[in-house]
């Protein structure tokens, strides 16, 4: 690689890293604001205008809070836990394509650099691998605390993550089958036209994937590892100061990465309807280089708005639904999602054989019909004795 | 917190000779069972009580309860206070529904003294008691949602509790510990503002409650959490002395308001919601149903609110108006006597029960004719039915134990007295 | 200074220059390889020597990581990813899970007797000798890197898939049947009788 | 929002063209003040009023302290709300000891502050007998407004406190008077 | 001995008013989670855009109602004389025993200060003991002690400050307390509308 | 509906001398029995086919330090849900011999009520499986609800007892 490419690449990587951190930081703020607004409250509004400095205040406080290591804890692992959580969380955004590419001319040579940390042809697997490592932070931290609640949280996290990884992977395989590539960029390019977005070809896969990513991020309704009302703080019960901050932070980074991943896999990444026309028009009016860059910028904005929507969706769900119980969670994962996603794989395969992309709608339609019929046939529930 | 570190809570009297920081609570396995200390400062023990759970993985094998963490000696204080001051104690017993306790106490004393309360006061009492029941059930069901992981529904209905507080404020001048009503009637009439606010509530609350029910009632995640969790048969429930919504959830339609109507409850038309098997879902649904019924009662009482005085014609027991105290020597004497507690209480013993937020709230009062009760015993429904908790959560998981606890609506103030 | 000494010095010097020049010949990849190897060896030794099983498992995970690094260096990206996903991400999590649950944290295992120690030394030593002999004997046959014959797509998914499903379809399917059998067996073993204690 | 709310002012600083210098202590104090995570130690009636404070109408979140940390390690202020019986006393102390510095204590309501109406053999006559209390909130129970006042008072304390308060001699002396090492 | 109640529980229908309210059978649609989840999301998102009931407390203060039981005040009469005659009824009526007072005889020349012949030389309320039940206000025959509806007791940082003496309790002449229960009641600064019978 | 007289008559017929002091203050049938017969009486009432007094409302005690030989009175409130009929049973005990058999085998809910009575009054319920203090601390060495013990905490600082006859 030549120097200019390396420089631009470096800049892009720095930008992605910075943006990841920034978004994670402000996700904490957004979480509090969204929660407040969903709950008819106002949320933080004293620290800075509209409370915008709230995350900074939190960080400032946490940095200077007493760093506490329980005397019975195993010290190194206790420190290693949050480090691992943060590390794995930060690693995963490396392969996500946030936009098309930047073109520039240097020394009269045309260059084109993709807006992506690293382009590897197994991007999906990379993310998968890193995500599967994410549980170590929680496990090690929870175990090292030497607290029963932490241990329970760690154990729950471990089993939950392993279980849901399977369904996650299986629902992803359908997309890989349709694309024939493990590269995220290829998957995105496959979805260039609006009705080929995978959400339209893989509705069931999307629902399973979404649910599983909730579970992988330990978000309600799957927040069993840290559920406050049962396990006090779960795996991070004994953590204080910035170590706790790392754990909380890594959760938000994971959420960001999951949202980005979902947007890439099912919502066409940086694509939007009529993208080709727009690109063409821009290149015609502004020239190949500038026009392309502007088009890329629009794509990046689109990508981020998709990501923000999913981050919002994560929060929206969190503040709406109750959480599962441990055994129900396992049943859902093993007895519902895995068979369903296998069925999904089979149907997709059959669809591919006959060149019919929308085969999985079959399951969805059957389910909807069944639901409607059963609701219609069910006796009217005699629940609420209405006031006269 | 880190409650496990309190496995063996320091037992000595608080003072300066406490053991120093005690961080060693290594995970101990006895026969592969884990001892998990739930409480006394666990976030899900509303108020303070401790459950030492023997866990096999996530399953509860057995549990042992410790209570008394906020024992405040109500019964002993009651022996030192004149009758009218005991109202302030009853406030703090089931603090989620203080007016019911207040009124129950007033009715007990009225029974002892033989005062007939005018119809208007009775209706006002009914309205306030039903408001209190609503606010009590709101807390219980909302918290059940919180403990199941859904915080938001709780905050939606909590706003209505805030509105009920507004009504209390208009009636008695306080929010939670109301000290509402007096022996012989009410301390003041319902003000027009109060009536307006109640009417507003009657319009607004059904919408909010419907919304809350839509959030929870038929949501499978919630139903899975609560259906067939912590069930208790009607037989066991009766043997354990269950009353109130928890007993009705088990299918027994015992309601003091219907069986022994007090304060004109016989005038109102309402149903008794019952459940099937006494599980958490039944308790939840029965409480929801009772809120609807309470609304019905309030509506009826408000529409048929009779005219007339709001206090009994019993000058020796009921404080005269302040103007009278100035002008009238007799009134002044009564005023002093009442405030000093020197009312001529007859010798006797009374048991009076009202349907509290949690069940039959009984007052067993023995008077020896003095200025204070000779003995006053509160039959606190919480205290009696909470002992069934180990039986109810045996064999279930930690998560179940927590929703069962919140669905039982154990209120520490009432539990420990 | 005797001649002997001088000789020894010169040898030392020679060895050192050789050593340094060896480093000079290394490409960045070579350095990466060296570093990875050293970490691999150390963490592998850590697996065996750590007294706390948790540390042992963590060291094993580090070893897997380094191995995946090696795979990447060999252009076998798919294998690297799968190694991490399957071994580090799932199997080791289960190991850790079990250890945590059994709480083997205290050094309460009875110390090994001298006999076992000796036996392990003997067995380990024999294994090492065997491996060394094999490498020495077959060293001629190890294919060496040749720029012309190198296909940059060798380790990639497509080729792997082609190999597995064309050339090695039978062993592949047999292996999957084996796994299925193992899984059924595990389920049978793990299935609890009625009235047995729960997880 | 239609109403003008008071946004926290920046710390006193020396401003010049292009730079703003302020004491680091002040800055961290400000951060702490706006991120006070409460540990609600709610035992009885006052706990219900604390719920009101957290709920929509009063919304403690506006001050950045809506995240209740039920683990004492993570909490910044201990809100003792409700009667503390003598049986409970050692546990309150234990929780206080488990909290990480800096920590503040608010005694909410008459019972926690002084025993209130319960002058009985079983009730601790004020938690300041076992742990140092920073703010007392009167009322039985206090209104949410008063609890908010208490929280704001702790914010003031946090703002004006030196970063190294826990290393000072006075603080050690205070803790020693409660026989806390 | 068995602990069961012997009588038949099917006969435990005690009244004819019971209504079965819980239905635990789920329809297929309910079993699929999604309808209820979507319904729940719809409810919460509707609240997202709703007007918030939050009171911005330090800036906006809620009107607490005309009879709210807040800060204590010792009223003066229209000529500015203290109304309290130190009869002690309030102290007797106080369930928390928070009020203490020392009575004194009014001296010649103090008629401008005290309305009655006896007055409270010391009148102290322990604000941390007080439970704001309003019984003192009700007990006072001279309408001297009131609980203000427009002001609450401030918070304390020192335990020494909590006992309020007359300096803090007695009404300031430039800040007379008026309680208006509702618009029909005539109230003057000196005769706040009465505790009872006013509404 | 059951009447007090009817039930009283039945009880006298069944138990003769061992039940006494029939009264109905505020329409609540009250009678006394001795501790040797309390279990019998309660069980009879519970299992009676018509009365079905199958609900134990409350168990508590009263301390009468001045009535010699009858210092303690254990009071049972029972309730027949089917007939909506309440009964109060009293058992008087001597100060130097405060033992009474437990009724936990009849009503599971009696457990804590008896523990509470033990805690506050020091009445021993023989046969109780777990007769420990329930509300107070284990270390407490007296039973606080007895009349001779003070209510107040002796360590308080901010109250003056001399005032107003306190």
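When the chains are written out, they are named A, B, C, D, E and F in that same order, and each has its own residue count from 1.
Rule of thumb we're sticking to: contacts are C-beta pairs under 8 Å (C-beta built on N, C-alpha and C of every residue); 3 or more make two chains touch, one makes a residue touch a chain.
Each chain and its UniProt protein: A = NADH-quinone oxidoreductase subunit H; B = NADH-quinone oxidoreductase subunit D; D = NADH-quinone oxidoreductase subunit B; F = NADH-quinone oxidoreductase subunit C.
It should be emphasised that the depicted structure is a prediction, and the values quoted were computed from it without experimental measurement.
**Q** Starting at chain A, find the fewest moves between touching chains needed to arrive at chain F.
**A** 2
**Q** Out of every possible chain pairing, which has the most C-beta contacts?
**A** Of all chain pairs, the one joined by the most C-beta contacts is B-E.
**Q** What chain is the most remote from chain A, judged by the mean position of CA atoms in each chain?
**A** Comparing chain centres, F lies farthest from chain A.
**Q** Give, as an integer number of Å, the spacing between the C-alpha centres of chain F and chain E.
**A** Distance between chain centres: 37 Å.
**Q** CA centre of chain C versus CA centre of chain F: separation in Å?
**A** So the centroids are 75 Å from each other.
**Q** For chain A and chain B, what's the span in angstrom between their mean Cα positions?
**A** 45
**Q** Taking each chain's centre as the mean position of its Cα atoms, how many Å separate chain A from chain C?
**A** Centre separation, chain A to chain C: 32 Å.
**Q** Among all residues of chain B, which ones touch two or more of the remaining chains?
**A** Chain B, residues with two or more chain partners: 1-2, 11-13, 27, 42-43, 58, 68, 71, 73, 76-77, 88-89, 91, 152, 155-156, 159, 162, 177, 215, 218-219, 221, 238-239, 252, 254, 259, 271, 273, 285, 288-289, 416.
**Q** Touching two or more other chains, which residues of chain D qualify?
**A** Residues 1, 5-6, 55-57, 59, 62, 68, 70-71, 73, 86-87, 114-115, 117, 119-123, 129, 140, 143 of chain D each touch two or more of the other chains.
**Q** Touching chain B in the complex: which residues of chain F?
**A** Contacts found on chain F: 25-26, 28, 30, 54-58, 60, 62-63, 75, 77, 81, 84, 86, 88, 107-113, 116, 120, 133-139, 144-145, 151.
**Q** Would you pull the chain E residues touching chain B in the complex into a rising list?
**A** By the definition above, chain E touches chain B via 3-5, 9, 12-15, 17-22, 24, 26, 30-33, 36-37, 39-40, 43-44, 47, 53, 64-69, 89, 92-93, 95, 131-135, 138-139, 141, 143, 147, 149, 181-182, 194-199.
**Q** Given the complex with chain E, which residues does chain B contribute to the contact?
**A** 81, 84-85, 87-89, 91, 152, 156, 159, 162, 166, 169-170, 172-174, 177, 179, 187-189, 191-193, 211, 214-215, 218-221, 223, 227-228, 234-235, 238-239, 248-249, 251-255, 258-259, 270-276, 281-282, 285-286, 288-289, 319, 321-323, 325, 332, 335-336, 339-341
**Q** Can you list the chain A residues touching chain C in their complex?
**A** 74, 77, 80, 120-122, 125-126, 128-129, 131-133, 135-136, 139-140, 143, 151, 154-155, 158-159, 161-162, 165, 182
**Q** Flag every residue of chain D that touches chain A in the complex, lowest number first.
**A** Listed in rising order, the residues of chain D that touch chain A are 1, 5-8, 27-28, 30-35, 55-56, 59, 61-64, 66-71, 73-74, 76, 100-102, 163, 166.
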